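Presented sequentially are two complexes of chain A, the first with chain B as partner and the second with chain C.
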Partner chain A sequence: MESTEELQFSDDEEEVTAETVLKTLQCAWQNERLSPEILPHQNDMVECMLGQIQHMERNINKLSKTDLRTSIHKMEISRIKFIICNYLKTRLNKIEKYCIPILNQERQRIETDTNYLTPSEYKYAQEYVLNMENHMKNVVLNKMPGNMQVFEMNKMAEHPNLQTHVFLKANETINGVVLEDLTGEDEEIDLEEGSQHILQYKPIADLLKNGKVTLL
Partner chain B sequence: MEPYEIEFIGENRIISITPNFTHDKIYLICGEFGPFRAGLPVNVPLWLAIMLKQKQKCHVIPPDWMDVEVLENIKEEEKRSRFFTKMPNEHYMVEAKLILGSAAEDVPNAPEIKTIIKDIWDIRMSKLRTSMDALMKTGGGYGRLDHLTMMEINSVKPLLPAAMDNLLRMQMKTKKTAPSLNLNSSTFSQSGSSQNT
Partner chain C sequence: MFAEKVIELIKEVDRNPDTIDQYNDEKIRQIIEEMHLLFKLNMNDANATTENRSLWTTVQVRHSALERNKRCILAYLYNRMKKIKTLRWEFGAVLPPDIRELLSDDEYQWFSKYSGNLALYMRSLGQDIGYSGIDLTENLKPPKSLFIEVLCVVDYGKLELEDGDVVMLKKNSRHYLPTSECQTLIRQGILKQIM
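Now for the complex of A and B:
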């Protein structure tokens, strides 16, 4: 049972169990998959899980091939890897799609230290925009008349649709969520704990980032 | 999300099995399970149960609700109620599909159970379609959907949010061009009451 001792040891250090980290990560993955805009990163969770996986893989190598545990642990690792890969890919897809607004907002967020992207995601986004700009220049703009050669970044921007409708479940009772009505009369609704709703993303965006609701 | 992703999430539910082998506790990242004693029931995640079943190392103990009588009651209740009733389990369809798919011989009356679950699903889906229709007709931008399971929500996902998005877009256009022409003056109160809870 060497595997467990090591695992428990690393748990104590971080003062949270691997189980909770995994649950948080799975929740983050689910929300990221379903929200129209990019959410604050959960890099700590990802790093922690990757560490756990490494531990586990090292321990599996010590077990004999015929040991029942080998296949069970391998299966679990594959499941966790799937969540991590899918989570990171989903974020990259959003970064590529909405790179320009994300970068603009991220610059302000970095100043207040509330960044949504991890440093490497930020670098990726910057390089992506730069590559796009260079590509546009090389392929089209440089061959245009002089007065048309400016790359107008903000005209290229694609924005996430924050007015799209999403399904959600309230993790706790939230009173007075304001839904904007087109007639100008705002409607307030209460979300009871455990209740499920479909409504516009915008009014609940902050609740989602605070973990008060989960997308379904 | 894709249906297989919902299934993936549902696979984390805990169910009971009777192993036919003996083993100490197994310490997984998602928790510790066991000890396994041949013939004694033990709780494991669904994915592990299915995996052990495929290796013929256990029998699955069907969940309490996977019983003809219980399900008949649920079905009657679902038929009687105007609203969605609470399902015994928020991933009932995933659980039923996986258990009946790979461990049908462990479930008494498996074929009947399959039929009843399918009936319940059909009743709920037709209710869902009716509510969606009502929601759209009242021009609603908000609906409450208590007791719907993830798989059920997912099945209307390409359609309902997109329809509501388009409706909103049309309303915004109408408002911009002709502010006096108001298609829906009581959007929320109407949709709130017509939508099943």
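Now for the complex of A and C:
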């Protein structure tokens, strides 16, 4: 995974400008805020942007304090910082809320090297579940009668609602999206490029992860 | 009635969804006592009824009560954990004493662990490119302007700004400060934003 990504990067390295990075990041932020489940991480983008900020801050320091450009650039930086912070925080909130299913799925994904979490996010999630389990055990479970002491992961797990509906926009023409029906009659629809829809999240989850649709 | 006390506990949380109450140590103890009692009764009956099936329903009802108690207690704790989590984001790693009192010792320990874990995560951000981490608890609201007008509520003392300037924060003094640098102080109640 890592090596292919690097290859892709080096291929269009000249084209990646700060602006496109910011746009990708904004898009990732928007998707992350609107999707019910956690999405693959965009750590490269975040780090790239952080590097940019560092660079900009250095440039600002060269300017005099009363220069008009200083305040404009500072404002821009604080806006970008907000996006990054909010993006990471949204992810953290989801990780905390759905920690048990996320960890279970992530374990399988790590084996196939398609992990959604960054290593530090993964570590955070593990630690979080461990703390929760220990807390529950110390406070009440250990004091309960023998057969009630088990910490039941499955019962404690909270799952994201993948059946929820989302607004989305197709970035390219996609044919044959299968919408499942409760009665078992599947329906197939085509999404035209640039068109907007309200659909259930589950059928379009993969399209979202591939970047073929954007949530609105 | 079985599992009656535990409902009171749940109601307690439900009544104040936004604030955190004193940890109800006494009630939890009573509920666990009830559980032990139920368990003992069940054990006795279960041993007695290997041949006699007439008591099976009784045993089953008690078992359900036990499970219900467990589930509700865990829900109570889990809900409190969620609230304690928001405290970390609002107040930072150090809790004001009046709020600290509302948590049990175990909960406070959990809070410290949570806080430590979060700090570890935040420090790891951007480490690969030579960053020393980002404080996610800053920048909670979208930035509207670079500077805001604030009123100082308590005698705080000197505050050194990022650019090296030093401001004296005295009670009832007004300042015009960079937004990013006074967010934490506003949340701690030292400064108040003047709209």
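Definition applied: the second predicted complex is superposed on the first by the 201 of 216 C-alpha atoms of A that agree within 3 Å, B and C clash if a C-alpha of one lies under 4 Å from a C-alpha of the other, contacts with A are read in each partner's own complex, and residues count from 1 in each chain.
Definition applied: a residue touches a chain if its C-beta (ideal position, glycine included) is under 8 Å from a C-beta of that chain, and two chains touch if they have at least 3 such contacts.
Just so you know, these numbers come straight off a predicted model, no measurement behind them.
Asker: Following superposition onto chain A, is the placement of chain B relative to chain C best described as a clash or a fit?
Answerer: Fit - chain B and chain C, as placed by superposing on chain A, sit side by side.
Asker: Touch check for A:F82: first (chain B), second (chain C), both, or neither?
Answerer: both
Asker: Once chain A of both complexes is superposed, is A:M132 in touch with chain B (first), chain C (second), both, or neither?
Answerer: So A:M132 only meets chain C here.
Asker: Counting only touches as set out at the top, which of chain B and chain C does A:V46 meet: first, second, both, neither?
Answerer: second
Asker: Rounded to the nearest Å, state the minimum C-alpha distance from chain B to chain C in the superposed three-chain model.
Answerer: In the combined three-chain model, chain B comes within 8 Å of chain C at the C-alpha level.
Asker: Identify the residues of chain A that lie in both the chain B contact region and the chain C contact region.
Answerer: Common interface on chain A, chain B vs chain C: 71, 75, 79, 82, 86.
Asker: In their complex, what parts of chain C are in touch with chain A?
Answerer: 28, 32, 35-36, 38-40, 66-67, 70-71, 73-74, 77-78, 81, 85, 104, 106-107, 109-110, 113-114, 117-118, 120-121, 124-126, 128-131, 134, 136, 138-140, 142-143, 145-146, 163, 179-180
Asker: Please give the residue numbers of chain A that touch chain B in the complex, ascending.
Answerer: Chain A residues touching chain B: 1, 3-4, 7, 18-19, 22, 26, 30, 33-34, 49, 52-53, 56, 68-69, 71-73, 75-77, 79-80, 82, 86, 161, 163-167, 179, 181-183, 187, 189, 195-200, 216.
Asker: Can you check the complex and tell me which residues of chain B touch chain A?
Answerer: Residues in contact with chain A: 1, 5, 8-9, 12, 21, 23-24, 26-32, 47-48, 51, 55, 57, 141-148, 150, 153, 157, 160-161, 164-165, 168, 171-172, 175, 182, 185, 187-188, 192.
Asker: Contact residues on chain A for chain C in the complex?
Answerer: The touching residues are 46-47, 50-51, 54, 65, 71, 74-75, 78-79, 81-82, 84-86, 88-89, 92, 96, 120-121, 123-124, 127-128, 131-132, 135-136, 138-140, 143-148, 155-156.
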